[in-house]
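Structures are listed in the sections that come next.
Below, chain A partners chain B and then partners chain C, in two separate complexes.
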Partner chain A sequence: MSRQRRTGVGRALNLFGPFIGLLLVIALFALIPEVQGRFLRAANFKSVATQSVIVALGALGMTLIIISGGIDLSAASNIALASVITAYAINAGAAPILAILLGVLTGGLVGLVNGGLVTRLRLVPFIVTMGMMGIARGAAKWIAGNQKIDAPMTWVNELMSKSPRPPWLLLAPGIWIVILFAVAMAVLLKYTVFGRHIFAVGSNEATARLCGLRTNQIKILVYAISGLFCGLSGVMEFSRLTVGDPTVAVGLELDIIAAVVIGGGSLSGGEGSILGTMVGVLIMSFLRNGCTMMGWPNYIQEIIIGAIIIVAVALDRLRHRTA
Partner chain B sequence: MKSPVFKILVIGLGAALAFAACAKKPSEPSGSETAKTLRIAVIPKGTTHEFWKSIHAGAIRAEGELGVKVIWKGPQKEDDRAQQITVVEDFISSGVDGIVLAPLDDRALMRPVQDAVREKIPVVIIDSALQGSDYASYVATDNYKGGVLAARRLGELLKGRGRIFLIRYQEGSASTVQREAGFYDTVTKEFPGIVLLVKDQYAGATTETAYQLAENLISRFPDVEGVFTPNESSTFGTLRALQESRLAGKVVFVGFDSSPKLVQGLRDGDIHGLVIQNPAKMGYLGVKTIVAILRGEPVEKVIDTGVVLATKDNMDSPEIKALLSPDLTMIKD
Partner chain C sequence: MRDVAAAPPVLRMAGVSKSFGATRALDDVSFVLGHGQVHALIGENGAGKSTMMKILSGAISPDAGRMEIDGRPYAPSGPADGLRCGVSMIYQELNLAPHLTVEENIMLGREAHTAGWLDRKAMMRKVRESLELVRHPEISPEVPVGRLSVGAKQLVEIARALTNRSRIVVMDEPTSSLTQEDSQRLFEIIRGLKGQDVSIIYISHFLEEIQRVADSYTVLRDGRSVGSGTMEGTSLEDIIQLMVGQKFIQLFPKVEHTAGEPVLSLNSLKGTRMASPVSLTLSKGEILGVAGLVGSGRTEMLRTLFGLDEVEGGAVVVSGAELTGRRPWTRIRRGLGLLSEDRQGEGLAPALTVADNMTLSDLAPYRRHGLLSPSRQRRAVAGLIGTLKIKAKGPDQKVGDLSGGNQQKVALARLLHQKASVLLLDEPTRGIDVVSKSQIYELIGGLAREGKAVLFVSSYLPELLGICDRIVVFHRGVLVESRPTSAWDAAGLMAAATVGRTSREKPIEQRNTV
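After this line comes the complex of A and B, so read on.
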């Protein structure tokens, strides 16, 4: 881990690299007179933040997985499954808090199974989670009876409300939850033994094992934690939609992975940061928001986000070569 | 250590400028717009289906006639409820004067519409219903009536008896659910001799999923005599499956909506009837209604845009032809 012995500039660049991208995106729209006034309003930033919650929660877990050298293609299906479970439980008369718990735990269970299969069967995470992508999506449709579940309105739906109650919260409770967990995960990764072990497993699994790390346990735990975040993200998805929709978030796993990669995560493992990931999420959200405000057609937005991913990773490589 | 910082900045700035340059173009026509021009956001369920293109064409016609600015934008992924909510929210933030929305879900879009109304942005709902009463007007096809028309056509051609499929589109899409209900009610009430072999299968969002479903159903029930499908993608997918299994023309097939391929199917005798709506009129009246509201004129709460049945015999009459093959030349992007 030579990263700690970087020079000041190199480290600053590493820390602020993703921010440059975010600032560029914000500056881009802030400079266009047509949307300037509207884009820079607090209300708009609030709405972008709310829109980011679902991807952000998924990306918190995905960051851990990617640092550990894995990948989770089932994240989006897991989110849909958790949202359906939550809606189902509320509809069946369960107390909202119990429904939330069930949703989150379902996500955790899916993650645990992912981790178990990856380690016990020694399968590539790509394959295991690709299989789980179908299983979780199918289970969601099955439980929902192949339709969406209309659940009665409860305080769960307030979690993603742009005008939160009580008003002193200022932001939707979902945003606070993201901030809270982002800080917690950042601390976990940087300052705990478990966090450093995740980096070790991702950098070189064989060496980590030879050094006495229980790599399988670490990996299972990483997938399970990530699953819990997907579950929480599913609860937020339900809160936002007010219905449990088994077809929601198709393809969202790629947005989640993209956020981690834009934020400096390396798909070969051993690298990534929570801060970077969160910036990655915001870059994509701001792009969507700005493009919609401009009334640009969707294909422009898709091309820009595609280009951003490539530029971000290219920048990251450049940073490595020079540092 | 300075050069890498500089290099990154240059690359980043260059990239941003490149985006700005290539992205700026489509918005140019609106650059000269005066501040007083009303900006109307029109939000379809998707942008690639023929149906939405017709709505777009109608909206553009209204744009020209009324001297307003129409901003056309659907969810980035077709049929994604969460993304449609995001689009509505972003338009509220951008401060458009009015929103014309085809909601992907009769429930999930309620809250964003409430948000819009709270921000004093009126909303006109088109195509599919929305629960609640926050919207100002609902401009749509009488979908139930469309299902009834289809059922009668199928019943007459089968002379009141036979074994048929009712292929459904997707749960939660209010418009197709009503068509299916109109069809189902009419078949069971008026044609007791007709047996529904299948009535709870969903074709899914795309032509591909509909194709697969129809193929599987045909291999399960090769002696099927009639089929009804409630929208463009399910009709086309089923048409392909019928053609592949050489049943096209033999099975009485009534579908919904139109596209060049479906019109060809009608001409070839593979499709025996297409219930067609008037999407161009829906787009046109949607924009016209929201502008009327913004100008303080009274509007109806529900506006029907009508359905007709196109058959091989009437498909070349001018009014049917205009609906089957709408003029889309006015759409620029």
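After this line comes the complex of A and C, so read on.
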């Protein structure tokens, strides 16, 4: 009987653990008198959400990859490459929608190559994507001629605008895009055969193969989907900056991975959830936001976020022991 | 009733051969499996059983020979294809995804769906149907498999085979890590499967068990089929003789040894994972057996003693001095050596070489100016490889490539190499072949003769009775009884282990733990 109760508590912790973290972070800054007033404003929450879009899109794909037992270190470089391609296309006179499509597909292509190398050459994802991290970053700089690409203003730049048009949208279109895809991915993971197979591959690949799953095909697809999300994230990056900057988002892959891990993803595969990841993204955004308001220097933020990652994973282990 | 004479057998393998490089793993083997039969496949490790089963499952293809299922040619292109043709394997290393639920595991690869959308209701229905047959209190469709006990996991695999409508189920050492209770349940399920016209190939080292469940048997030796027939009218001696061939083996070789002064005593040792404190004394040159059911606290006692689990109270005295350190490395320095029950996961580093594994716990002799000398390491272990009759290509072979029996000898060799004077052996003969077993018994006897003290934990009663000087029994975490081996018999041990008391004693108070 006690066993069952304990698993109940464990399950509750699993579901709400990341939320508790998020509430703690928000409560922390809400209680500090110096920032309370500014921090708790709707406008501030809106700006935090907008700032989260780029990491959130990357983290959606990364969640799939991590559940499948893989990792993608090239995500941030891929984002930069996609932003450069989008800017390049708009600059060359392409219709905005075509430019967006090009950016997204570039990301997808990089992901496809990642997946192909991981499965065909049987290389460790860490190594393949670390190589791709350099290749994509280099390609971005090459295409951009080692400088920023200025592009004329189009409606693409409104995707990340805090005062959207039409005003009834309330939030930046980018936020709505994140919400839409988050729901889509959560449904994919829970209610489709493909989603279930992603978990199976990450939990025990040998078993998955034995049960007749096409593990290679599943992995390639997962990397390709993740690449598409990086591409979309790159488009948002371009929208935010209004230029295509090949040096943008350096090190962002670690934020993306951290978000997934804080949200309950396990680097050994088989575990993770979209909801958790999204909460993980918000935890980090709110921390950055609060620290900036406090006037704390950048290095303090880095230390705090580093500590949070370790604490989150430690809590995760504890959670598993009680479960 | 089916007309047995007319219907082709479920499975026929004819003239199957397979070589790996220069070694002939299977040589012209033929095999027939009848409808609703349990057919035992017997042989020492390395006799060709696993090669044969890999060919059957489709994991590897034979060099020669052919297979038929129900009279139709069968040539699987891979394990998934074999599964489709109705051949299910239930391996020793369990093939389940720990994060997925029971339902998800059972339906893996065969999910009911409409255009990619899962049809959970349909799947639940199917899963409940197959779980009906394997009934187990721990198993319900929504539980993640990682939370189940080993026995329950095995039943989930069987349920998977059932939902797959498998005609042939291969069970490889199914009871090696099961409790007595779960084994009984398995045997009942096997009977149920036979009733549903499912045929079973049953691989086990426990010959008594084979005698109980199997209808017929085939013995493999050195890649050849050396005998087969019905179980009825065949004695265990006959089978053992077939297994070992001309070689005459004595399963429990007698090695004379005498106990000396006490070398190890536990004074109310209590660990965080032990249910209650344990006191016992072990002398030089003594082999002390520890009996009890799986989970009765034997392993926890060993691990606490060795410093792998946390100590909560009590004292351990080795050679007259109390142990102070709490970590395994301090215990090793004081002469303790532990052989883990989990050979693959903990006992050995499968990717490292024989030499590295043997010397891992004491590398000091091979170090000069902070650098290791692999050549001296190799020279040092060459002797051990000979003494323990380890079948390996040499000190540089990876341990993971050796057979189970030889792996276990490497693990034992490490304790000898580190010159342990008190050996804590946890299930040292689990899952290994008869010849290796006998060699290990002889080795342990020899160690006792040299004056080493051995604590021997085992679930296999005949070996405890065969080689120990004294046997203690654990029941639900409590050491309930200690007697010289001559005062025990198998029934008495089993009674003490299962109900915590023996006929000669008053019942001990019933504990409500677990």
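In this section, the second predicted complex is superposed on the first by the 315 of 323 C-alpha atoms of A that agree within 3 Å, B and C clash if a C-alpha of one lies under 4 Å from a C-alpha of the other, contacts with A are read in each partner's own complex, and residues count from 1 in each chain.
By our rule, a contact is a pair of C-beta atoms (placed from the backbone, for glycine too) under 8 Å apart; a residue touches a chain by one contact, two chains touch by 3 or more.
Being a predicted model, the structure only gives us computed values, none of them experimental.
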item: Three-chain arrangement built on chain A, chain B and chain C clash or fit; value: fit
item: Which superposed partner A:135 touches (first chain B, second chain C, both, neither); value: neither
item: Which of chain B and chain C A:109 touches, first, second, both or neither; value: neither
item: Touched partner set for A:203, first chain B, second chain C, both or neither; value: second
item: Which of chain B and chain C A:248 touches, first, second, both or neither; value: first
item: Partner chain(s) touched by A:34 [first = chain B, second = chain C, both, neither]; value: first
item: Which superposed partner A:193 touches (first chain B, second chain C, both, neither); value: second
item: Angle at chain A between chain B and chain C, C-alpha centres, nearest 10 degrees; value: 130
item: A:54 touches, of chain B and chain C: first, second, both or neither?; value: first
item: Chain B versus chain C, judged by how many residues of chain A each one touches; value: B
item: Overlay on shared chain A, then closest C-alpha pair between chain B and chain C (Å); value: 16
item: Shared chain A surface residues [contacts with chain B and with chain C]; value: 7, 323
item: Chain A residues within the chain B interface of the complex; value: 7, 9-10, 13, 17, 20-21, 24-25, 27-28, 32, 34-35, 38-39, 41, 43-44, 47, 50-51, 54, 146-148, 150, 157, 161-162, 237, 240-243, 245, 247-251, 288-289, 291-298, 300-302, 304, 307-308, 311, 314-315, 318-319, 322-323
item: Partner chain A, residues of chain C touching it in the complex; value: 79-80, 83-84, 89, 95-100, 104-105, 108-111, 113, 116-118, 147
item: Chain A - residues contacting chain C, complex; value: 7, 191-194, 196, 199-200, 202-204, 206-213, 269-271, 323
item: Touching residues (chain side chain B, partner chain A) in the complex; value: 1-5, 7-9, 11-13, 15-16, 19-20, 22-23, 26-27, 30-31, 41, 47, 71-74, 76-77, 79-82, 85-87, 89-95, 105, 107-108, 110-111, 115, 170-172, 202, 205, 333
